[in-house]
Every structure is written in C-alpha cells, then in structure tokens.
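Let me begin by presenting the structure, written as structure tokens, before commenting on it.
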Amino acid sequence: MFDYFLQQLIFALAIGAIYGLIALGYTMVYGVMRLINFAHGEFFMLGPYIYTFLFSGLVGLGGLAPVLDSAIAIVASFVIVGLLGVAIERFAYRPLRAYGRLAPMLSALGMSIVLQSAVRVTVGPQPVHFPAIVPSTPIDALGGMVTTVQLGILAAGVLLMVGLTLFVNGTRLGIWIRAASESWTTSSLLGIRVNRAVSLVFFIGPGLGAMAGIMYASYYGIMQPTMGSVIGLKAFTAAILGGIGSIPGAMLGGFLLGAIEVFGTAFLPILSFGYIGTEYRDVFAFAVLILVLLFKPAGLLGETVSEETTVAKKDY
Amino acid sequence: MALALENVSKHFGSLVAIRNLSLSFDVGSIYSIIGPNGAGKSTVVNMIAGSYSVTSGTIRLGATALNRLPKHRIAQLGVSRTYQNLRLFDGMTVLENLEVCFFPQSWLTFLTGAKRLSKAERLEICHACLAEFHLSDVADVLAGDLPYGRQKILELARAFVTQAPIVLLDEPAAGLNHTETKDMAAMIAGLKREDRAIILVEHDMDMVMSISDRIDVLNYGELLCSGTPDLVRTNERVQEAYLGTTEELDDIRKLAQSRRAQGGLRANAGIVRH
Amino acid sequence: MGNSVIARRLGLLAVLALCVVLLVLVPYLPSYYVRVVDSILIYIILAVGLNLVVGYAGLLDLGFIAFYAVGAYAYALLASGQFDIHLPFIVVLFIGAAAGAIAGVLLGFPVLKLRGDYLAIVTLSFGEIIRIAINNADELTNGPQGIAGLDRANLFGLPLTSPVHFYWLLLVLTVIVCAGVYYMERSILGKAWRALREDQDVVRGLGINTTTLKLLAFALSAAIGGAGGVIFGSFQRFVSPESFTFQESLLVVLIIIIGGVGNIVGVIAGAVVLVILPEVLHFAAQYRLLIYGVVLVTVIVLRPGGLVSPRFNLGFIIRKVRTLWLSPSKT
Amino acid sequence: MNRTRILLTAAALLFASGAMPVLADDIVLGGSAPMSGAQAEFGQSQIDGAQLYFDQLNEKDGIKGNKVVFRPLDDRADPRQGTLVAQQFCDDSAVIGVIGHMNSGVTMPALDIYSECGMPQVVPATNPELMRMGFKTVVRPVANDFVQGALPAKYVTEKLGLKNAVLVHDKTVFGQGIAGVFKDNFEAGGGKVSGTYGTNPEDVDFSALIASIKLENPDVVYMGAGMPQLALFLKQMREQGLKAQFIGPDIGFTVDFITQVGAASAEGALMTFQLPPYDSSPELKDFSDRHQARFGRAPGPYASLGFANAQVMAAAVEKAESLDRAGVLAQLHGVTVDTLLGPVAFDENGENTTAPMYLYVVKDGKFELIKQ
Amino acid sequence: MLKVAGLKAGYGRTQVLFGIDLDVRAGEIVTIIGANGAGKTSTLRSISGLTQIYSGEIEFKGRPIKGLPPEEITRLGLAHCPEGRQILQRLTVEENLLAGYIPGRGRSFDEIRTQVYDMFPILKERRHSLASRMSGGQQQMLAIGRSLMATPELLMLDEPSLGLAPKIINQIFEIIITLSKSGISLIVVEQNAAVALEIADYAYVIDAGRCSVEGGANNVLNDPDLKAAYLGA
C-alpha cells in the first residue's frame, strides 16, 4: 500500500505543479485588478501552439542544436504569450476599469471565446500530437515509478515558482506588483506607475500559463484548442482554494488540488466500499473546496477580511 | 431603558484600544464622548452597535447583554447609529433611505419578530420624519445628489426615524461649516426626549458643550473624566490631553524657533480673512 | 390640452401598438422564428430570475443553471414514462419552482456569508456538482442518456404541442415574472436589496438580517430558475445533462451584464441579443463562435454599462405612460 | 448614441446576410453537427465527408441533372440549438432531407420536430435508444453501439481467451453505452468484469486511475471514450507498465491515435471500425486522396461516416418520384446502397440490417485488419 | 514652490472643495488646519491627483500639474504621505522603503535608505519585520521615511499625529522640523492645531471646502477667535 500511496503522490505532484503555475496567473491578475480573468486558460493553450510553431520554424530554417532550438522556442513562447496578455489587458480590460467588476469579467469571457476560436479556425479543432521535449524514461523511486517527464515538470514548475517568488520578493519590479496589489492609491502616491505594474502582471501571468501549457502538452503528448477551458477552471479553483491574491496560496492550492484529485480517484472507491465511483472525483474536489471556504472563508492562505479590518463598501 | 458598559476592553491585535471602560447612559439625556484622535471614541460606538466584537466585559441594554448578539439583533433591540463618514444609500431616494429602515416591520415580520406596520403607516412615519428634519422638499431626490450638509441631516434622520431608544451619533458635525454646525446642534438638542438617550461623539467643542448633559472624556482607551460641560471644560487633565504638556511643547517650540531663526519665513505675516 | 400633448400621446400609442402588434404577429412567423422567440422568452425568465441575485442583491452567482436543471428534471421525473408518473404540467411547474427554491436555500444557507468572488466560485462548484450528480445518478436520471419522451404539457385540457402554444404560455409567464419582479423591486424588499448592494454593513445596522435578505433573493431567483427549467423540459420533451453546463450559467450572466445589470428592460435586451446573435451567425459556419466572441468584447468595451442605460427601466416606461396619459400637463 | 447606431447597423447587416438564394431546381439537403465548441472536430469531419460526396455528385451532373446544395448548420452539440436547427430546416420547404445530428442527446429532441414536418433524416448518432423511439422518418446507416461493443468482446473471450476485464468510460451517452454493451457480451462469453470506472469527458490525466486499476490486475481494459482520451489513457497505461489488452471504439481509429500514444505503446491495441482500411479498396484510397485535395487534410474521425450518410441520402433522393420530402421519405427505408462503409439496407426501425463492423489491431505503427 | 488657485474638486457629483488657494514657498512649513471633514485631506488629494478636479490651477515649481496622474506628480518631487499612514501591510519595512524609492532622481537607494535609517533607528532595527506588525508610531515613521525615498522637494503630511501618543507626536514634530532644516518644504495637515501652529511658518484654515483664514503661524496661534474655535474655550 505504501508503494501505491507513493506512486499516487508522484502523480499528484506532477499535475499539482501544472495547476499551481496556472493558478499563479489567476492570482496575480486578481491581486492587482480584482478581476477573474476567464481568458487565462487560453494563454495556457496558446503556449504549446506557439512553441510548436516556433520550434518547427527554427528547425525549418536549419536550426541549431535541438536543445537550443527548444530553449529558444520556450523562452520566445513566454515572451509572445506574455505580450499578448499585455495587449489584451490594454484593449479589452483597461477601458472597463471604471465600470465595476462585472464588465471586465464579461470582457474576459469574450476574450476567452475569441482566443480559443481563433486557434480552432487557424489550426483546426483536432488534437495534435506534441512531441515530448524531454524523452520519457521511467525511473524506479522507492517502489513507485516516476518518469523523467514528471521529474522535469516538477523541477520546471518548482523552478518557475521559486523564480517568481524571488522576483516578487526581491526585486523592485516585484515590490511594485505587491504594492499595487495591496493598494493602487498608495502605490501611485509612492510614484509607482501602477499601469506598468499591471502590464507586468499581465506579462508574467500569461507567460507562466504558457509555460504550464508547454509542460502539460509535453507530459500528455497532445495539445488541442479546448485544452485550456477545463484546466483553467480547475486552476482557478486552486487559486481560490489557496486564497486568491496570494502567490504562495496559488502554489499551495495547485498542489493541493492535484492531491485531492489524485487521491480522490485513488481512494474514494476504496473508502466508500465502491459506492462512490471515480466519476465523482470532481464532485469530491468541489466539495472539499466548499468545505475549506466555509471554515476559511478567504482560502487557506488568503487574508481574512473582517468588518473590523476594512469596512469595505460594495463587494463588487 | 439604560445602556451600560461594564469593564469593557477592546484589543486590536496587540493594540489596546479600550481598557476596562465602564459607562452608563440613561434615556432622557444627551451624552457626549470626546477625546483626542485615537482615544477610542469611535471604537466605543462600534462596540455598542455590534460592528466590533468586545474583547472582554459586557455591554447591556436593560437586562440584555448586547455583545455576542449579531449586529442586526442589536439594531432591532433599539440601538441606531450614524457613521463618521457618510454612509447613505446614494443610489436611493431620500424617502427610500428612510423607508428601508422599516424593513423589519414590513410583511417580513415573520423573520424579524417585530411589530408589523402597514405600508401606509410606514410611509406616514417617514414623511413625518422628513418634515421634522426639513427634508420634505427633497423626498424624491437621490441621496447621493444632496449637498453634503443635507446628506448629514438625512443620516441623522435615518438614525431617528425608527424611534430607537438609543441613538449613537458619530461626528454629526464633521465637515459642516459653523452655521450648519450650529443648526445641527440645535436640531440634536431638539431631539432630546424622555424615552431616548443620544450618545454623541464629536470634535466640535461648541456643539458638545452646548447640548450635552454629560461629557465623557476618553484618552488612550480609558475614562479621563466625566461630568457636566462646565466641569469638563475646567479640568486640567482634559486640557493636557488635547494640548500635550507644556514641557513637551517647550522642546518643540525651541526647535521651531531655532529653525525660524534662519529667517525669510512668513511666520509673522498678518492674518487675512476671506 | 395642447397639440404637442396629443402628438406625443399618439406617438406613445403608436409605439405601444407596435409592440403589441409585434407580439401578436409572432405566431404567424415560420416556426423557426417562433422557436427562437420561445428561446428568448425562456432566457428572459431565467435572466430576470438571476438578476434578482446579481443585479438587486449584488451577489455573483455562477451556478444558476443548477436550479434550471432541478426544474427540468423535476418535470422529467414527474411527467414522463421514467417512473410512469404523469403529473399535470401546472402542478409540476409549482413543484419545480419549489424544488428550485429549496435547492437555493440549501446552497445559500451555508455559503452566503462568503465574499463576492468566493461566493462566485462556490456557486460555480455547486452548479457543477449538480450537473455531475445528474450525469452519474443513472438509476434516477438515466445519466448521460437523458430522459426522453417527456409528457406533452397540458394546460387545463389544452395540449401544448407547437412552438406557438409555448409562445403564448411563455409570453404570459414572462409577463407574470417580469411584473412580479418589478413589483418586488419596488416593494420594501427590493429597497432592502438595493440598500444591501450599496452598503451591507449599514443595512445590518438598520436591524436587517442580511443573510436572510440574501437567502430570500437566492430562493426567489432559484424558484424562477426552477420554473424556467420545467418549461424548458416540457418544451424540449427531452432532458440531458448537456443542457446544463457551466457555459449555460455564463450565458445567463452574460445576458444580464450585456443588457444592463439590475434592469428588467436591459435583461430583455440582453436575452434578445445573445439568443439571436448565434442564430444570425449561422452563415459563418466554423467562424461563428469567433465572431460571437469578437462582437461580445466589442459591445462590452463600447458600452461597459450594458446596452440599456439604467435610467431606461420598466419604472421609467410606466411613469412615461402614466404622466403622458393621466396628467399630460406635468410633462 | 452613435455607438448604439453602429451596433444596430452591424446587427442588421449580419441578419440580412444570413439568407442566401437558392435556384429553383436545386436539391437542398441539410446537415447538422457541432461545428464550433468542444466537439467541433468530430462534427466538422462529418460535414466535410458529406460535402465531399455531394461535390463528387455535382461534378457528374448532380442527381437527375439537378445540382445538390448541401447546407450544414452548427448545433454546437447543444440540444436546444439542435431543435432550432431542426425547425429551421423544417420551415424551409426547399430542404428535402437532413443528415444529422451527430450527438444522440441533440438528435433526441430534434427527432420530434423532423418527424412532424415529414423530413427524411439520416442519423449518424449511434445510441441504440434512438431507433426504438418509433419515428418513421429516420434511418441509421451506421452500426449502433450494440454491434460495436459485441464484436471485440467476442473476439477477446473466444480467440484470445482473456477473461478478466476492467471497463473505463467517460460518462457520456456513447462511452457509457458502449462500455455497457461490451460488458454484457464479455460476461456472456464467460469473462468477468472486475471493475467499472467513470471519468470525465475532458479528463487527460488518468495516472491515478490507472494505478488503482493496476491493483485489479486485469488482462483486458475496454475504454468507452473519445479522442484524445483513448490515446492518453493507453499511453499512460503503458507508461505505468500495465500490460493488459487495450480495446477501444471507432473514434480511436485514426492515425492520430498511434502518433499520440507512440507506436511502441500502441502496439497490440484493438479498435473497432465500420470501415475496412483506407488502403484496402480503390474507393477508400480515392476517398482519402480527394479529402486531402479538397480540404487540405486527411479525413477526420467521422469523415467517412459523413460520406456514407450522404450516399444513403442521395440514393433515396435519386429513387424519389417527386423531389420533395414525401417523395424522398417514401424511398428512404427501402434503399439499398453500396456505400463506402459497405452495403446498407434498413429494417422497419430504420436500423442498418447489414451494418458491418471490423476489428483492427495496431501492428508496427499501423492499423491492421483482423480477419475473422 | 506650490501654488494652488481657485481649486474646486469633489468625488463624482459630490463637491467638497469650493475654492482653495494656497501658496507654499521654498523651505517653508505650511500647515492646513480646520475641522474634521472641512476638506483638508481632499485638498492634499487634489494636489496629488487623486481627486477629480472641477476647476482651478495647481502649479508645482512653476509647472502646471493639474491632471497629471499621482505617480507622475510624485516623480516630480511632490510627495504625499497620506492620512492613516497607508503602510503596505503585507510588505516588510525595507520593502516599503523600496516601494517608495524612485530610481533616476540622482540618489541611490542605499544612500537614501541609510539616511532614513539614521533618522529612524527603529526602522533599521525592524527592517525585516512585516509592516503590519509595527505599532502606530512606528508605522507613521515608516510612512514618512517611505515618502522620503522619493527624494521630494515638497512633502505633504496628512495628519501625522493621528492616534499617536503625545510622546511620539513630539518626536514626529521634531522630525518635521529636521526635515525642514534639510531643505524640504512641507505642508502639514493637522487636527492638533496648537502644535502644528507652533512649528509652522504659515497657516491656512479651511472651513467647509474654502480657505477662511490664512496668515503667519504666530498670529493665527494667538488669535483669540481661532483659539476658541479649536479648543472649545
């Protein structure tokens, strides 16, 4: 049984790292804009498509060593998707800032439809094989089995998370983002160009989403235009679970959701003597989410906002 | 009906806002709570109204302990209040701002247990209240469109419309000019009734001194002094709390003078009244 | 009485007459258009219901379709061969509304203390839980197969067989729902909701239990959703989990926002636009969704407050009619 | 206000452009499947297949000298949209036959509408229930899920002698239905099903599920699901070293399946399909080439199905005495056609009596027909 | 240094300033006093670009700044230390300082930080603790220190003594004098009128959104009418 548990833990970590990376994008955008960016899942989807386009382009042009081609394509995907995020914020969200919180959310929904349909009509609706960036080799780990791809994902995920944490905590730009997510007014009084901080967030968030998309496509070997919808919703759930607006919360939420799903699948049927099948996995995940929120209304690492700390007018 | 604070303390994290405060208020009088900024005046109001929880001690209205009750229950028991910053329902008309106070007495009494009033009765009360506060002419104007002074009065009207026995007024004169403040003071004085206690938190000393039956002075969350306006006015500790001690001031004064010695500053320019 | 008043009265009369004529003419359209109008009416009912929660009480509910599903399945279970129960339509309509309300209270009771976005995600989760549960409860709901062959609705002996029949039924129900919600909006309950949206804290200070207030909004809105579901079930005569996806919830929210939050006229406009748009876009084949998205974003960026200005609401129209007709000197 | 006017004008223009003229003696046939949204891939492939056949007909002077106009409408896999599409076809008296819908859930509420306006309908949806609802306006050339689930069950129990199976399905009408049929036949053949697991249609990560299936140690895994889930599942199964015989339904019969799984991992997987291999006959080879030439891509998952459905519909129109719905309907049940999928004839319910089904195995990175 | 003429401003449809005129000269400490809600804070917010301005002119160092976004105004050397301190609670002390630092104004972060730490040793001591963990007085010091990170030429302090113990208040006022000596011009908005007038050079009294009285601080302090108005005597 220990082997089994360990094996499941490995799966949970791999998928959790991906959820966590996407959740970061939600949480950062939410932090500075108080916006649920429904289009975020599409940045995740764009990642592998743009990577493939660039990689095959590089190879077509003669290319360098495959490792280099791949690295260039990965970095360029980050940048391109990031810039796209910045542009979308500029044109679809910024004009709506003065109109409460529903209008930008609707705009985000619209953008999600636009991005997904745009990819579908240009490259077709069918799932496309995505060649693994790292060859998948199984390695025996304490009775469990872990593949190099899983290790790579975990490593890349943790690396990006650590990198982001260092960036946000240790650099001036990072401080700007954190300041802006705490208070736009104060930040602007300090001379922080809040719009640039927002743009930065809309660069990093989608960029990380694209990275998660590439990792995901590489893990499962496919990409398709709809791949962002469901996983986007899940990552959003993860962000809420961890406490939306909190960067460590998003990572925790991601890993936790991964664990809930994996262990839900693995143990629900056993624990319920077969009455609750694996098809109830998502019900289980949502139920856990609701339970967590009932006891920690602001998520696990979110700040509990009570009437005493802010007497906020209008929730949205 | 009497409202009493018994050994009430309030901590915000490590900060002690109110320390072992005991006060009691009876119907039929106007009370003022004064004190320097940060002394805990608003905290007292917020604790009575149930916006803040009480760290220790008890607040009683008659025989009922108010702390631990949810805020709306406290209001239903007869505590109404105004807010330091205007908090009207800006998008609703003046009349609607009052009408909504009678929600507990509407057809939904099965949820609130209050005495039911018909719509006509409710409207009658509201109109009477508008007349009393000279707001009848703007009954159908959106509250947010009123000038500041009248918004303040509307907030006052909202606190009194339900005839609550305990009314908490949090800085009703803030932002008003002298004439308006005087009018406000007269209005509040006129609202004094046998079955009502008005508790006022206010900075404007003219107003406080002119209408209060008793003044409680708070400093650092503790009661500094309590008594009639005359008593409070002559109390030295009150003077100190508002002005700081003379010795401490002297140091600053010296520093200031040494700075001003460099000259070229307007410290002695004449007064211009606009 | 001046000429201008008469002219304006005539103008108003003409506009009203035009509306009535348009509504009366609908049954003479080809069935497809009637069906589209039926769809619009169903979505108006749903959106007016959801608007109680989103527009008036200011709570973002992303799982509204769950109540719609509850209503639709109520009809499917109580008026079909599934368990060979065949209750009359009108009875199930009330049962569906009640079941919706109960579901609303069950959901609302624990979660209404949550703040905006957390409430949104919890309602979303609830919607998904209901859908997945329906999809998995094979013995009760046939799971993904859905329940087919629901009874033809029968109203006091008149069978409802064609889209035109449903048009009249839906028109009457839409008017009832809109009028009911309009009345509620103007009642003290509506005022309390508006106050709640502006400043929840102060509302509590007025002695109003905000949780109860929200719960009422939730229950009423869920009841309307449930009733809408019953009609949908009887109209479609087939229910399956595919009709109750998260996207449908979003569609109803979109209708409200794009029309103008908290405004019945806006909701009607939103439903008309968002139901007709995909129909109009059929010519675009695979580009349909792309254009739909582009139009959506463009509209919202150009008119972020919704298509219909908040001033132009039902109350405004009624006042206009009243003043022009009853006391023309005032205008 | 100006913006409002722009929006209104744009809306009016869009509305106006919806109507397209049709020449009087054209034969108008409708088609409907999801062309946008999550299932667009499958829907579009079917529409493409049908379009290909009608193009081919029109090149040779159409039917009785009349040009065939194929009018596909998107139903987004949404039952409500489906009824609207059905009504639109019914209202347009020019439309004398419809091929659709792809999803059983969309077809069910639409059947009512089609039958009321006497619309001859060729249905690609495979749920067995559909043809038992008693509608007389509809035929189904494609084998229903009974045949498809039964064939591999028989094969593994009888030929391979495997007796311990685990079922996985995606809780869709198709997936769950076909897994159920397999189960019945597998148990009838003496096998034992040691577990049935449901997933979600959009799932991509099955690793946790596979790890727990491993505990059952099955020798057959039957999966009723769509693509890419079939491929993902098999890939992850092999990665975890679960060696059981994998069987899937027709959706997996694509080249993509093998690329996505990887040739080595896909080796030995069994797949059912209504068609002999594309290179097995000149017609099929021709179909594949034409598809490539017309749309610039290989036939999608349901393209051949769409093609065959179009053949059936065209045959009924060909035989019709009058070129209207009644004329076509009178012939619909009686047609016998030699389609791309093999010979087709219908029973009283409209089910294909001769619906063929083929079993394939992946060998050396290719699907190879198993001769029975 | 700063000239404000005929400033009218408000929030949406609610006008709160009805004509404010200010003149702040280089090296001065100017205090704005007035009743709670009279418009003192709104005046500062309007100067900083946080409030919607209906009409009037604002000039800083001879340059019109009306309509500029707050961050650009700060970057010109006009810092605003807001009411209630507005410390970024989730940041540490040093991060708050870093947030306030504006690069490219001639001085390095380290340089100014050292200066701020010299002025407020307690901040150096607690540089790594979360700002929310600091006491009110420490937060006020942090707020001032943070404003200094922008190397302002004019610093506007809104109610620096709010809610602080007298001892701390005195410290804050001493710091204000020190700042002034170092060449920074200051506007101090104060409830605590008596002390403010002691240290200021020039005073404006604001009443219901208008400047009602202005004059040299010494004269305002000793004016019997004004004394009565603020001390209730």
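Labels for the chains are A, B, C, D and E, by order of writing; each one numbers its residues from 1.
Methods note: contacts are C-beta pairs under 8 Å (C-beta built on N, C-alpha and C of every residue); 3 or more make two chains touch, one makes a residue touch a chain.
For clarity, every value in this text was computed on a predicted model and none was experimentally measured.
Peer 1: Hop distance check: chain C to chain E, minimum number of steps through touching chains?
Peer 2: When the steps are counted carefully, the minimum from chain C to chain E is 2.
Peer 1: Comparing centres built from CA atoms, which chain ends up most distant from chain E?
Peer 2: The most remote chain is D.
Peer 1: If I average the CA coordinates per chain, which chain comes out farthest from chain A?
Peer 2: Taking each chain's C-alpha mean as its centre, the farthest from chain A is B.
Peer 1: Cα centroid separation between chain D and chain E, in whole Å?
Peer 2: A distance of 73 Å separates the two centres.
Peer 1: Roughly how many whole angstrom separate the Cα centroids of chain B and chain C?
Peer 2: Chain centroid spacing, chain B to chain C, equals 44 Å.
Peer 1: Mind checking the centre-to-centre distance between chain A and chain B? Centres are C-alpha means, answer in whole Å.
Peer 2: About 48 Å separates the centre of chain A from that of chain B.
Peer 1: On a C-alpha centroid basis, what's the spacing between chain A and chain D, in Å?
Peer 2: 34
Peer 1: Give the residues of chain B touching no fewer than two other chains, as numbers and ranges.
Peer 2: Where chain B meets two or more other chains at a single residue, that happens at 51, 87.
Peer 1: Among the residues of chain A, which ones contact at least 2 other chains?
Peer 2: Each of 117, 120, 277, 279, 282, 307, 311, 313 in chain A touches at least two other chains.
Peer 1: Could you say which residues in chain D touch two or more other chains, in rising order?
Peer 2: 36, 40, 44, 171, 198, 200
Peer 1: Where on chain A is chain C touching in the complex?
Peer 2: Contact set of chain A toward chain C: 30, 34, 36, 91-92, 95-96, 98-99, 101-103, 105-107, 109-114, 116-118, 120-121, 233, 236-237, 240, 244, 277, 279-280, 282-283, 286-287, 289-290, 293-294, 297-299, 305, 307, 311, 313-316.
Peer 1: For chain C, which residues are in contact with chain D within the complex?
Peer 2: 30-33, 35-36, 39, 132, 135-136, 143-146, 148-149, 163, 232, 236-238, 240, 242-243, 273, 276, 278-283, 285-286, 288-289, 295, 299, 302-303, 307
Peer 1: Can you name the residues of chain D that touch chain C in the complex?
Peer 2: Those residues of chain D that touch chain C are 3-4, 6-7, 10-11, 14-15, 17-18, 20, 35-37, 40, 44, 72-74, 76-81, 83-84, 87-88, 90-91, 103-106, 108-109, 112, 127, 129, 133, 171-173, 175-177, 198, 200.
Peer 1: Quick check: in the complex, which residue numbers of chain E touch chain B?
Peer 2: 12-14, 16, 25, 27-28, 35-39, 135-136, 159, 161-167, 169-170, 173-174, 177, 180-181, 191-192, 194-195, 198-202, 207-208, 210-220, 223, 229, 231-233
Peer 1: Okay, in this complex, where on chain A does chain E touch?
Peer 2: Touching chain E from chain A are residues 169, 172, 175-176, 178-179, 182-183, 185-194, 303.
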